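Heads up, the next two complexes both have subunit A, just with different partners, subunit B and then subunit C.
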Partner chain A sequence: MTSTFSPPETYRPSGGYRLLPFRFADLGSERRLLVNEVGEHLRIRADDLESLVAHTLDAHSDVYLDLKARHFLFDSDSLAPFELLTAKYRTKKSFLDGFTQLHIFVISLRCEHSCIYCQVSRVSPDRQRYDMSAETASRSLDLVFRSPAQQLKIEFQGGEPLLNFPRIREIIEEAERRAAATARPVEFVVTTNLALITDEMLSFFRDHDVFLSTSLDGPPFIHDANRPRPGNDSHARVVENLERSRSALGHDRIAALMTTTSLSLQHPEAIVDEYLRLGFSAIFLRPISPYGFAVRTARTTGYSMSEFLAFYVQALAHILEINRRGTFFAEAYAQLLLRRIFTPFATAYVDLQSPAGAGIGVAVYNYDGNVYASDESRMLAEMNDHRFRLGNVHRDAYEDIFGGPIVRTLAASSVIESLPGCADCAFQPFCGSDPIFHYATQGDVVGHQPTSEFHEKNEFLIKHLLELEESDAHARRIFWSWITPESSS
Partner chain B sequence: MRLHATGSAVGVERTLIGRIATDSSNAEASWLWWNASSPPGDVSDCLGVITPQTADDWRLPVPLVHSVQQLDYLASGDVIAADPNGFVRTLYRKASPHNFILMTEQCNSYCLMCSQPPKPIDDFDRLQEHLRLIDLIDPETGELGITGGEPTLFKDGFLELIRHCKERLPRTALHVLTNGRLFYYRSFAEKLGAIAHPDLVLGIPLYSDVDSGHDHVVQAKGAFEQTALGLLHLDRYDVSVEIRVVVHRLTYRRLARLAELIVRNFPFACHVALMGLEMFGFVHGNLEQLWIDPADYQEELFAATEILSLAGMNVSIYNHQLCVLDPRLWRFAKRSISDWKNVYLDECERCDVRAECGGFFVSGTKIRSRDIRAISRG
Partner chain C sequence: MTILPWCELQPDGSVVIDIDAALYSADVIMRTCYAFTDRSYVFASQDDSRIRVTIAARDPSDDLRKIAGDFSNALIDFRLRATIAGETHAIRELIVAQAFCEADLLDRRDSESDYHTDPRGIATSR
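Up next is the complex of A and B:
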């Protein structure tokens, strides 16, 4: 009977192979990391890479089959590698599908906190001058609903947005009417320090499915030092109102963000433990932004990127230890990078994507009616640099704001596939660009990668995660659990 | 249990498909199953009468098949087909959760381990019988399998069958075993998607992360390309797919790499089944190429299962006895063998986890793992 079957040789390619596009990095120890356009990667021996590009790789070897299966080479006229690659490429870039999804409303510039790193807030009773008016809010909503995005997200920021709560209520109610009329889901987030939240606000937020995002910098001695307010009770208020908010809205309806100051740098474990103690299942370890007041007070809050990265590494090791002991707890930036390293799926993150999200993924409607390309753009504006002002809700049309020269320039100068220093970087499919960061720190939207802190941070973190993932099977399982809720090991 | 038997036919002029009725007062257009030694009364409404009795002296106004042995399990609501030569086939058993339609015996692949070797015959005229069967199946049936051969070789007839199921059996889950190769043609996938069957899954085999490995196993050059594109096309038109991998000597080495390929390229698959070898059909002739003691591939099976499971994919292990399986994999093991194929060994009588174990295929008890043993939970 076996005579009717053909041997394996019948099905093997006969005519050599050709390369598909990929980039590579030196991992040391005669090893190379190969990464293709869609983020598939493989670690191989340096001499195998040399054979590969010399077209002398043995077609029977495991490394050949590995490279073929991950679409680094092809050896027949089969369409499969190309169709699979294009499907993955479309998937990876599908965050571009909807155009602007995130719409940030700066509802009031006023705040009762005076945080040492704050970019924009004013301690002022002048509502007239610093709060968003009803007319500005309504004109902003007109623009939001011109967006072709299938899903919309409206985020309220400040200052402290709750100081202008009646306007938030109006906007949410009006946005819900318009969303129902256009059959598009709209999500709401209020970024608040929680200090002023009332039961009335909470019941409104509960009725309208509003998410809250608050600030927590760590235990009281760090948090209160970073975030002074009258009475110096910021931490105590967060803790108290966090519990109230959770019981009103549900435990998972409130997230927190932390900002790292030079004081924080000495206490990575204590900061992580504080998040854990307060019942959070994730932390977002963020360096200070190089904008606004933060730049002016750099002498007291400033630190180098390498100091931040040492802090991050220590905090991440502690987080992994917490997970090893059986508690799920994730780091948000690692989560984003890992999703890109491990999965074929799209991840939108306006400050780390290609092209960058400024304008095409996010727009900021300032209290005064000016529209900016990102949160950072309006922070620059508070330093009197209006370069990224797209227009004004009272004067300009949607087409001119979102199709104008600023949005076009930002998009065109943030395609990392073509940026100097990025175009040939192996880590590119996991990374992104941030033209506004580079403008703020280097005076140029394209940026100079060898001296860029953005580059320093992302290259370091991607390498660090790849190293952990390769060398530590337990860490790899933990990483997977962060990015796939259903994941089980 | 036998699903067919031969009796003596009287007045059966063509193949007659009908439901079984056991009560003569409620047997309109049905095959009346009659066990008594004397003939039934008024049967003029019936499609026919079928009986285990020797009844060549019964004078009935309708077709009769008598002396039918070994079909005693037939019950009201089952569906049979009786041929003019007295051959009776059970097409559907109402009480079984494992009903399937064997759509065709033709196939465009020739898999080394095929459990149901294809026949190069033109049997496209079976379609009418399949459509008739669907009319007669109880609409409350939970699941119905469509198998072959390769069911999609019917092309438009395959689409018609799926459409007919949606119309007549809207609450019945359909599970189609297909090699997916014809969905290389995008319009075929588009037409299947347009039917919008509410509960349809195509179970599609994939045997290697590289084309040469897969094509060798299915003995068809270009099959990997066709199946891979087929999977993409089915996803594009919202047809659910399950990926099925048979683990044997030719597939176990790159099993983890195949799992990675699935995670990266076909993450939309609703289920991945990693299956042990069934000792049927072509397997016997190719045993030397195919057989590996499952005890010897547990490391590869664990690695593949973990890759799929960590990525959040729904993964199951079929056709493996628990005593052979790495205990870390037990929670993925499903009792997957159809009731009529499934047996246990004497050794299994003393086993504490027998109730959770899938056991053996009737045909799989001779060549078996050295690790088969009763497990004591004590």
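Up next is the complex of A and C:
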């Protein structure tokens, strides 16, 4: 390979100092937030920033020493700034190692719930049409085990995957055989509404170390309004079967996700309290996805991102108050952002990384054999938009599915270091991109950053968390408790 | 009508800012324009040494004086960003390349050569 870079010593200044790469944001009140390439950050006065860039900063001042320690500048006695920054950069991007780790199997599109925001499910007795066949499952597993990832995760989704439990059992048993043969650990997650879970299923899940992820939207008057089913008893079934599942599998083997509807917006405290009452140590406050039925029913469930953010701020304040009173309870999205802001580690969250996780971090094997770049891609497909179909397990080779033009386009369109608007954004090391969200909401995979709801949400939340961390000593202590290794993830 | 000392309000309600192209590069001006496309309609044109930016309100109730003032301040920030990026881009590329590549990308011709070999042609460049 042709050498293209001069060695580090070429850049070392003989006198004065040199800048290291960083971006900045205006915090108001003549203050600027500086963030370097690996997420180290510092708040300084606007005139200090101007002096820094003009190379007139006093080398004995506190701000100079802070800037030097956090890798915003280097001088003749700086210790290995390039090597340190390189190691940190590699760590931050280590989610790229191993390529596709998360493999989602849409085991059945059938469901007995008819949730108002559900993107995909069908209330249908037609197993032939909406369940994944044994052959499709086997061919999907062939692709999963072609992935070079050293650790694999298989997640079963639907519809309600438990309606096709025999197929889940076959896939887990076969995947375990293949994992043993290739000496690679494989984890299993079943995303289920829990309403139909039986002792036989729980026994199998316990024997095979399966993790469950369920849905809980809050107290009964919210949950049952969002998630209708025959008998309108969804909440009661979740609560009953949550306890059974915890007894069978262990308390921490079941997580829950909530989806925010316009009804939820009025009740942030009640939703948080319900999670607390049911013994969860975290909640993931999620806005509704702009796909599928959620779009069709926008008039009843729709709200703006600013309304969601107001809801989020209120819920987070309540969560912090719960922690202040001595109970550990985290908000999962804040926890994710805080890890990205305050720790050097990578976070494996496919919806917030650069390049985006679609295809290279996650793949979805649909019940009908089609392979999609993400869960959202198959939701678009249910709206007859197959743009992000990577191929089909029965017809296409691994190389064509995972090395084809769609995966390449998605990766190239989601490197925020080079996207318009994002390239100059100080919050870049904490953020990511979501080309499929932007395609769904703005008609373009790159998106228009100034009007993007993805940008609005992440910029607002990052600023809000930074502000709380700076101004509120209690919040700071609580945030650190969420991101230390002992805390639940 | 002048709404800020450097901003002229046009009869059609838009605001015009004439920018010295020697002070602010076209790249800096376009990045600033892009950042303002959420709150306004922006058009840029060049005439010799000046780049003219025309800003129109998206909504009749928008405060164009504030938008024009914020735009002017943002120009200064984007120019500062360009200065930082210009000074640090080689270091940034080095860090990213070294982080991603197991192979050795460093060009040691400078550090492992002497003035006789003059690999970069320094002696002959003047």
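The rule we apply is simple: the second predicted complex is superposed on the first by the 467 of 489 C-alpha atoms of A that agree within 3 Å, B and C clash if a C-alpha of one lies under 4 Å from a C-alpha of the other, contacts with A are read in each partner's own complex, and residues count from 1 in each chain.
One rule holds in what follows: contacts are C-beta pairs under 8 Å (C-beta built on N, C-alpha and C of every residue); 3 or more make two chains touch, one makes a residue touch a chain.
Everything quoted here is computed from the prediction, not taken from an experiment.
Engineer: After lining up the shared chain so the two structures overlap, which partner does A:266 touch, if you call subunit B first and subunit C second: first, second, both or neither?
Structural biologist: Neither subunit B nor subunit C is touched by A:266.
Engineer: I'd like to know which partner A:128 touches here: subunit B for first, subunit C for second, both or neither.
Structural biologist: neither
Engineer: Give one of first, second, both or neither to describe whether A:384 is in contact with subunit B, with subunit C, with both, or with none.
Structural biologist: Once the two structures are laid over each other on A, A:384 reaches no partner at all.
Engineer: For A:342, is the partner it touches subunit B (first), subunit C (second), both, or none of the two (neither)?
Structural biologist: Once the two structures are laid over each other on A, A:342 reaches subunit B alone.
Engineer: Please work out whether A:56 is in contact with subunit B alone, subunit C alone, both, or neither, and reply first, second, both or neither.
Structural biologist: neither
Engineer: Once the shared chain is lined up, is A:477 touching subunit B (first), subunit C (second), both, or neither of them?
Structural biologist: Touch partner of A:477: subunit B, not subunit C.
Engineer: Give one of first, second, both or neither to describe whether A:24 is in contact with subunit B, with subunit C, with both, or with none.
Structural biologist: Touch partner of A:24: subunit C, not subunit B.
Engineer: Touch test for A:6: subunit B only (first), subunit C only (second), both, or neither?
Structural biologist: both
Engineer: State which residues of subunit A lie in both footprints, the one left by subunit B and the one left by subunit C.
Structural biologist: In the superposed arrangement, which is not itself an observed complex, subunit A uses residues 1, 4-8, 10-11, 87 for both subunit B and subunit C.
Engineer: Can you list the residues on subunit B that touch subunit A in the complex?
Structural biologist: Residue list for subunit B touching subunit A: 110, 112, 209-213, 215-216, 219, 221-222, 224-225, 228-229, 232, 254, 257, 260-261, 263-265, 267, 282, 285-286, 289, 306, 309-312.
Engineer: Could you list, by residue number, the parts of subunit A that touch subunit B in their complex?
Structural biologist: Per the stated touch rule, the residues are 1-2, 4-8, 10-13, 40, 65-66, 68-70, 76, 78-80, 83-84, 87-88, 342-345, 476-477, 480-481, 484-489.
Engineer: Given the complex with subunit A, which residues does subunit C contribute to the contact?
Structural biologist: 31, 34-39, 77-78, 80-81, 83-85, 87-100, 103-111
Engineer: What does subunit A use to touch subunit C in their complex?
Structural biologist: Checking each residue of subunit A against subunit C gives 1, 3-11, 18-24, 26, 37, 49-50, 53, 82, 85-87, 89-90, 93, 420-421, 424, 448-451.
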